[in-house]
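Two complexes come next, and they have one chain in common, chain A, joined by chain B in the first and chain C in the second.
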Partner chain A sequence: MTFQSGAKRDFQVVGKRLVRPDGIDKVTGKALYGADFSAPGMLFGRVLRSPHPHARIVSIDVSAAESLEGVKAIVTGWDLAEPEDEAIRDIRDNCLARDKVLYDGHAVAAVAATSKSIAKEAIRLIKVEYEILPHVTDVDVAFRPDAPAVQEGRSDETVPEESSPNITRRFEFGHGNLEDCFAKADKIVERSFKTAATHQGYIEPHACLASLGSDGRGELWCCTQGQYLVRTVCSEILGLEASQLRVTASEIGGGFGGKTTVFIEPVALALSGKAGRPVKLVMSREEVFRASGPTCSSSIDVKIGMTKDGRITAGEAVLRYSGGAFPCETVQFGSQAAFAAYDLDAVKTHGFNVMTNRPKEVAYRAPGAPMAVYAVESVVDELCQEFDLDPLEVRLKNAARKGTLSAYGPTFNEIGLMATLEAAKAHPHYSAPLGPNQGRGLSCGFWFNFGGNTCVSLNINSDGTVGVVEGNPDIGGSRASISMMAAEELGVPYEKVRTVIADTNTLGYNDTTDGSRVTFAVGLATIEAARDAIKEMCGRVAKLWGIDEEAVIWENGCAKPASSNAGDFEPMSLADIAAIADNTGGPIAGHYEVNADGAGVSFGVHLCDVEVDRETGSTQILRYTVFQDAGKAVHPDYVEGQMQGGAVQGIGWALNEEYIYGEDGKLQNAGFLDYRVPVASDLPQIDTVILEIPNPGHPYGVRGVGETSIVPPLAAISNAVCRATGVRMTELPLSPARLQKALQEA
Partner chain B sequence: MKYVRPDSYEAASALLGEETGIARILSGGTDVLVQMRSEVVEPSLIIDLKHLDGMREIVTEDGGFRIGAAVSGAQLAEHEALCAAWPGVVEAAGLIGSSQIQSRASLAGNLCNGSPAADSVPAMVAAGAVARVFGAEGFRDVPVAEIPAGPGKTNLKKGEFLISIYLPARPERAGDAYLRFIPRTEMDIAVCSAGINLVTGEDGTCTEARVALGAVAPTVILVEDAASALIGSKLDDGALKGLAAAVEAACRPIGDKRGTVEFRTKTAGVLARRAAEIAYQRAGAKR
Partner chain C sequence: MKMIPVSTRINGDEREFLCAPDETLLDVLRDRLGLTGSKEGCGTGDCGACSVMLNGRLVCSCLVLAAESEGAEVETIEGMAEGQVLHPLQRVFIEKAALQCGICTPGILVAAKALLEKNPDPSETEIRYWLAGNLCRCTGYDKIIRAVQEAAAEIRRLQP
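Coming up: the complex of A and B.
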């Protein structure tokens, strides 16, 4: 879909830094999050989790727990239904194990009781007999043909014979003749990299309140990125009809992709159905770490050839991602994104998903891309050092642009990579002097962005205000952006518009808040819904004036005669029209339903200065600048927030965050003390430069901005550390112990 | 679970002595409440003592400072004379937790929690601090170094609790310092740490020194060989090298998620050297 927006639009509302509508509620504590919902007669749920990384469940004896006073229901995996879809069966088995537990923390049973302390006691009384099985948590070990099988029979036809039973799928992307093009290189560098699994680290743990009656009608309030997805998955797992399960999304305390599936909602519904009372289930932080979805750990081999004047002749990568204990497709995105920033004659990537005895992977901001780009950008940097070439010039020389056949298939349309690189080159940061033990790194980053299924209703209220109803939880300020786009299109002040998030029975289906899709797709649908309402309003006015509909136009929030030929009428404002709607045909509303494509890819470039304490191996981030193409920044504060937030999460990934497993296959650091996200004092101000290369697929030129920013930091920091110390690190995180050792050995 | 707020030391000691289950003292609560919430411990008795006489006061005594067991980190940091005399101890206490935690966390609580990684303990041990303990037989004074028994354990007897910590008077030309290593810049637990306290002569020669290390053994340790490396020197490079070597030799850490054995050992030496340089400068001497 291409929008002919014509001449460059002079925006009145879009592009301003307006007050966020949810801000006061959030800072005063009035906003309702997942754990804030309660109901009369409510019970408290609690989950029993496996202490073993891999074991067969021989038996579960709940008799002692059942007879405890105050226990109203106990469920196991066998209380759940049999969904047709294999992916949903995997989600079910992740919510409550059947037959086998597949990772430390895997849910085995759950109870609902009249108090939290009774629920806790009941959990202790459940006796589970396990037959311990050999486990594997390292992706390279799991990749070997003789590795313990996490699950049997999950490999599809893409996986070569005689492979490890843990490889579930193989992906391949690329074009050109690798052999010929590598032969043109003056130097070929091959390196192997590893990255640790990291968690999204949202502040709000998963929480829900479920109420399911014996008539098969249910209500579910939960913290999620997609209430429609929750409805689909839960109704299948519980054997309900979708229309009978109403799901309402709470305010959300962060998700970053991690709330695009369910962990506790089907369990709470099953408990409620059994007990006949509402059940609240809230994960502890430890449960979040052990049993919600981190991203993949990875092992990646990269081979790149370059001429001595800095032209990349060919690139190849093999990517092995641990998707946890189930099939997972995230490695596909990594395989596609690895070389996306480059215009290459020959490129090939091979991606393998590998099962391990770890929690099931869930999307994390640009899922799969950061580690792939880290590996590629590290090797590009090494080649720049080899030939003593400026790393920015080398990127400019090889950058993908309009017309480039991308490494993953499509030919790029209007993209902002060159503009982003030029902005970085011109920025004072790039030429600022560095001190001893300091280094500067840079990396490009890329994300596809997504559109998808979207419904919007826009209601013109009789007092001249506007209500927008959309179906995507507001995770990054979208209510403000959506209101702004509605106000822009209608020509009314921003303050006159209120956007609310619908439950699943109030509005048609919407895809989940993911893929940086909301400002793009919901924005597009909102603009179209506004146009629909405008058409209706112009029609009403045409009838009043007794002229043709085509003779009435909409300008600056008013219906006007198209020209003096149409007649001489006073313009009527939206409020004027709304006030008399009763007499002109009843309520006025606009609608738009779409499966939006044309999302428009987004590129970013990050510059980072570090200083390394050579004695302790500690790395300090001194200066950091993000350059990113936003298409059109609807609310620049939020765009900058996304750019900064992604950079900070990437800094954590690069320096300290990691899932640490012991030899026993148990997670060692299930808490924020030893899973180290950066704290404020670890960071400098993250500077941002927004570029606006309009996306032809959106009426205002909007591109998604939420994910690209987590892609470059891993390589930007590792490259900076290399330039500060002379040591090329090939494993993340660059934790002090690892770096100190490498510096000592250098 | 019982919560009791006794009105005297004697009553508190009696309650603790009689309790058959798990008892915990509540002063700042910054460890106990976290442990309860995370279900590490479920006490049957909690005794709140912070209202008792002297518990929240800093008084000067014989030129030194008697610090009540419930005095917060924030109170320490606001006490000018204490900060001037024992900057290393005050800084160490100030590293615990966040600003919010600082308004509750105490030296005595940090000590009695029994963590080998407790920030204030190496600084107190280096300072030669003395704990005043109350029990069934009344008061007794115990060097802080003798309180920890191992991770999560103290040498206090049943019915005993701390009522104050005493930091002695300072001679001329004395300085102390504490440094810890954490992978972040705050809100963390020491991977290893070093507290140094020293006194110099008029010519800058180190005449007395105490070196204490955290998180490299089951308890905080006082390393006499490391102190010997400093005494008699003007903290020249050779002396500092000797200090680091003695520190490394004394380390017997575990390797875990927070740090490898090699990292803790090597870094403890680095920190001791850097802390010694700071303490030396605070004593008014120049290398």
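Coming up: the complex of A and C.
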């Protein structure tokens, strides 16, 4: 697909800070989220979860629960169907265990009852006999050939023989001759790093309302990042036809990747099918932590060579990620992203996915990239310290640019890394003075971005207003940005456009809201749908005027003669054309369907100042600035919001957040009190600098902006802490206890 | 389980309901009274999404038993705007993009309003500490803090 790239365009709507259309509903409490729906005759569901990290289910006795008054249905894993696809079978087994429970919190059975308290009581009455099996929760222990097997027979052909049974897949990326290029280095640093699993931490727990009839027709309302994905997975797991299961996405209370799968939806459907009544199922926060998907924990070895003038000669990394108790491909993204910011003659990454008795991983903002980039950017920083070189100059010297053969394969087109680094260098933050126990760190960050399957309908209403129908839940202002792009292309005021999010039966398939794809791909499809409608309108006007279709152009929201040669006609506005549509051929609409390519990679640089309290080991963020290439910022407020929000999630990952498992294999901090996400008083203002290096793959130059911002904070903070204290930390999070211990040992 | 009759005034309206002894005020607001604007993010008082005013005090409604609200005045997000007129905090939150997904927004607005009623001119630090019990995972708090500052300034201008 080609567009006039680079052409400077004078935007009328795009780039303005306009009020979002769903704002009033969301500040008045009217917006309906996953748990806010009810239905007549609705039952309340509840899930029984395993107290053991690894055990065989010997028997499940539901008789006492069944005879409790008010209990209307009980289901176990054996009530679900047999999907052909292995990945969907894994999702099914994660929703309700069959033979074995694979982690503390794994769902075993579920009930539907007339009240929440009866459902709670019924769960207590279900008797499960377990045969306890040895467990493993640490990625390095699970990597050993003699480790307890989480599942047998899940390794594919990429895994060397005699490896641990928990290694499911091996990835390899890179180019060049490592040996020769390491030989050119004046210094080679090798370090090993560990990062804890973190949770997306969306404030809205998973919630759904399901209704399934005996005729196989179902309705499902749920908070999800992708209603079409929910339909696909649930219909397979329930043995339904996709057309018969209509899924409607509620407003979504945060996802960050964590709502790109299902946990409770098939369970609620199965309960509803059995009971013949609608069933509402809502996770508690404890269930969210124990049984929804956190990110991978990781163990990473990095080796980098540098010349004394700061040229990186070669880089290599081995990445071991654990995506929990099932095969997981996230380490692939980490292996690809690790060295993406650098232009290297020789680079190689080896990635392994390792199963552990932990919840099944789900995507979390730039999945796999933050920990890989943390490890690489820590070693680059150490080399800069070794040679007493300016860390920004070293990044500039080695930065990937247009024409760079990337570490993961493709050759980069127009990318914004150099411009982003230059902006950081020129910013007053970079040269501001620091006090005692303070340090400044920086890191680059990268995300691929994604396009994907997209379908948009755009309707011209008879009163001259416009309805856009798209299929991606609005997770942070996308209704506004999509409406803005429609208004821009059509030349009508923003207020004339209303964008709604379709259910699965109202519009064709759309990929999930992930990979920073919506503003790019849905925006692209909206612009093309608008062009389709414009073509139709110009055609009708040409007929009215009795001239060729090519002789009519669209400008500033009006059809006009292309030139004076075409004839002397009064321009007709969109509203004029819409008003007489009945007489010119009927309703006017534009459509566009695409599997969008050309998303355009995204780079960012973060600068961070910290102060470390040597006595307590606590780290205070003093100043933070995010520099990121947005291609074209459609709605700058929400671009900044993505940059700030991602940075703060990364700050949490660096300083506080971690899944803590005991020797018993149980999660010890399944709540917001003990799993501490950043709160307002932990943070300074997060300053932002948006760069706009247009993406040639989008008509307005848009790149996704959602993911890159979580990547740099881990290394930026760890590097800052090192410069404040002289201690290089190789394990995250840098919780006060861990840092205090390291400072005492130093 | 014997139900308990409770009479309250919610957002100025008299409301009577029956509740079980173990039901929270949040359960009753959401499940019995249809006021789903207050959200349950944790059920343990850690996230602040269920913040309401109870007799003029800011509370997590998930930590209050519904039966405790007998005779009480309860204010929720649904009562914050006066008819069609948004409270300045609500309006500025929209104008300044202080929400992304919006799930924490009702609780943060209720908490911020309580702050400004106590302290019409809070410093940035005071706002950050007051809102430390309200988790937001989308915004990094930056635009929220700025919006509260701006709304506070506007309210001060209107009520000298």
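Everything below uses one rule, namely that the second predicted complex is superposed on the first by the 744 of 746 C-alpha atoms of A that agree within 3 Å, B and C clash if a C-alpha of one lies under 4 Å from a C-alpha of the other, contacts with A are read in each partner's own complex, and residues count from 1 in each chain.
Just so we're on the same page, a residue touches a chain if its C-beta (ideal position, glycine included) is under 8 Å from a C-beta of that chain, and two chains touch if they have at least 3 such contacts.
Only a predicted model underlies this, so the values are computations on that prediction, with no experimental measurement involved.
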Which of chain B and chain C A:Thr28 touches, first, second, both or neither: second
Partner chain in contact with A:Lys741 - chain B first, chain C second, else both or neither: first
Greater chain A contact set [chain C / chain B]: C
Touching partner for A:Tyr638 - first (chain B), second (chain C), both, neither: second
Touched partner set for A:Glu615, first chain B, second chain C, both or neither: first
Partner chain in contact with A:Asn669 - chain B first, chain C second, else both or neither: first
Which of chain B and chain C A:Ser681 touches, first, second, both or neither: both
Touching partner for A:Glu204 - first (chain B), second (chain C), both, neither: second
Which superposed partner A:Gly257 touches (first chain B, second chain C, both, neither): neither
Touching partner for A:Arg17 - first (chain B), second (chain C), both, neither: second
Set intersection of chain A contacts, chain C complex versus chain B complex: 284, 671, 673, 678-679, 681-682
In the complex with chain A, residue positions of chain B that touch it: 38-39, 181, 183-189, 191, 256-260, 262-263, 266-267, 270
Touching residues on chain C, where the partner in the complex is chain A: 1, 20, 22, 27, 30, 35-44, 46-47, 49, 76-78, 80-81, 86, 90-91, 93-97, 99-106, 109, 124-125, 127-129, 131-146
Touch list for chain A against partner chain C, complex: 17, 19-20, 22-24, 26-33, 35-36, 116-117, 200-205, 251-256, 282, 284-285, 475-477, 635, 637-638, 640-641, 644-649, 671-673, 677-683, 685-686
Residues of chain A defined as touching chain B within the complex: 120, 284, 286, 615-618, 655-656, 660, 668-669, 671, 673-674, 676, 678-679, 681-682, 735-737, 740-741, 744
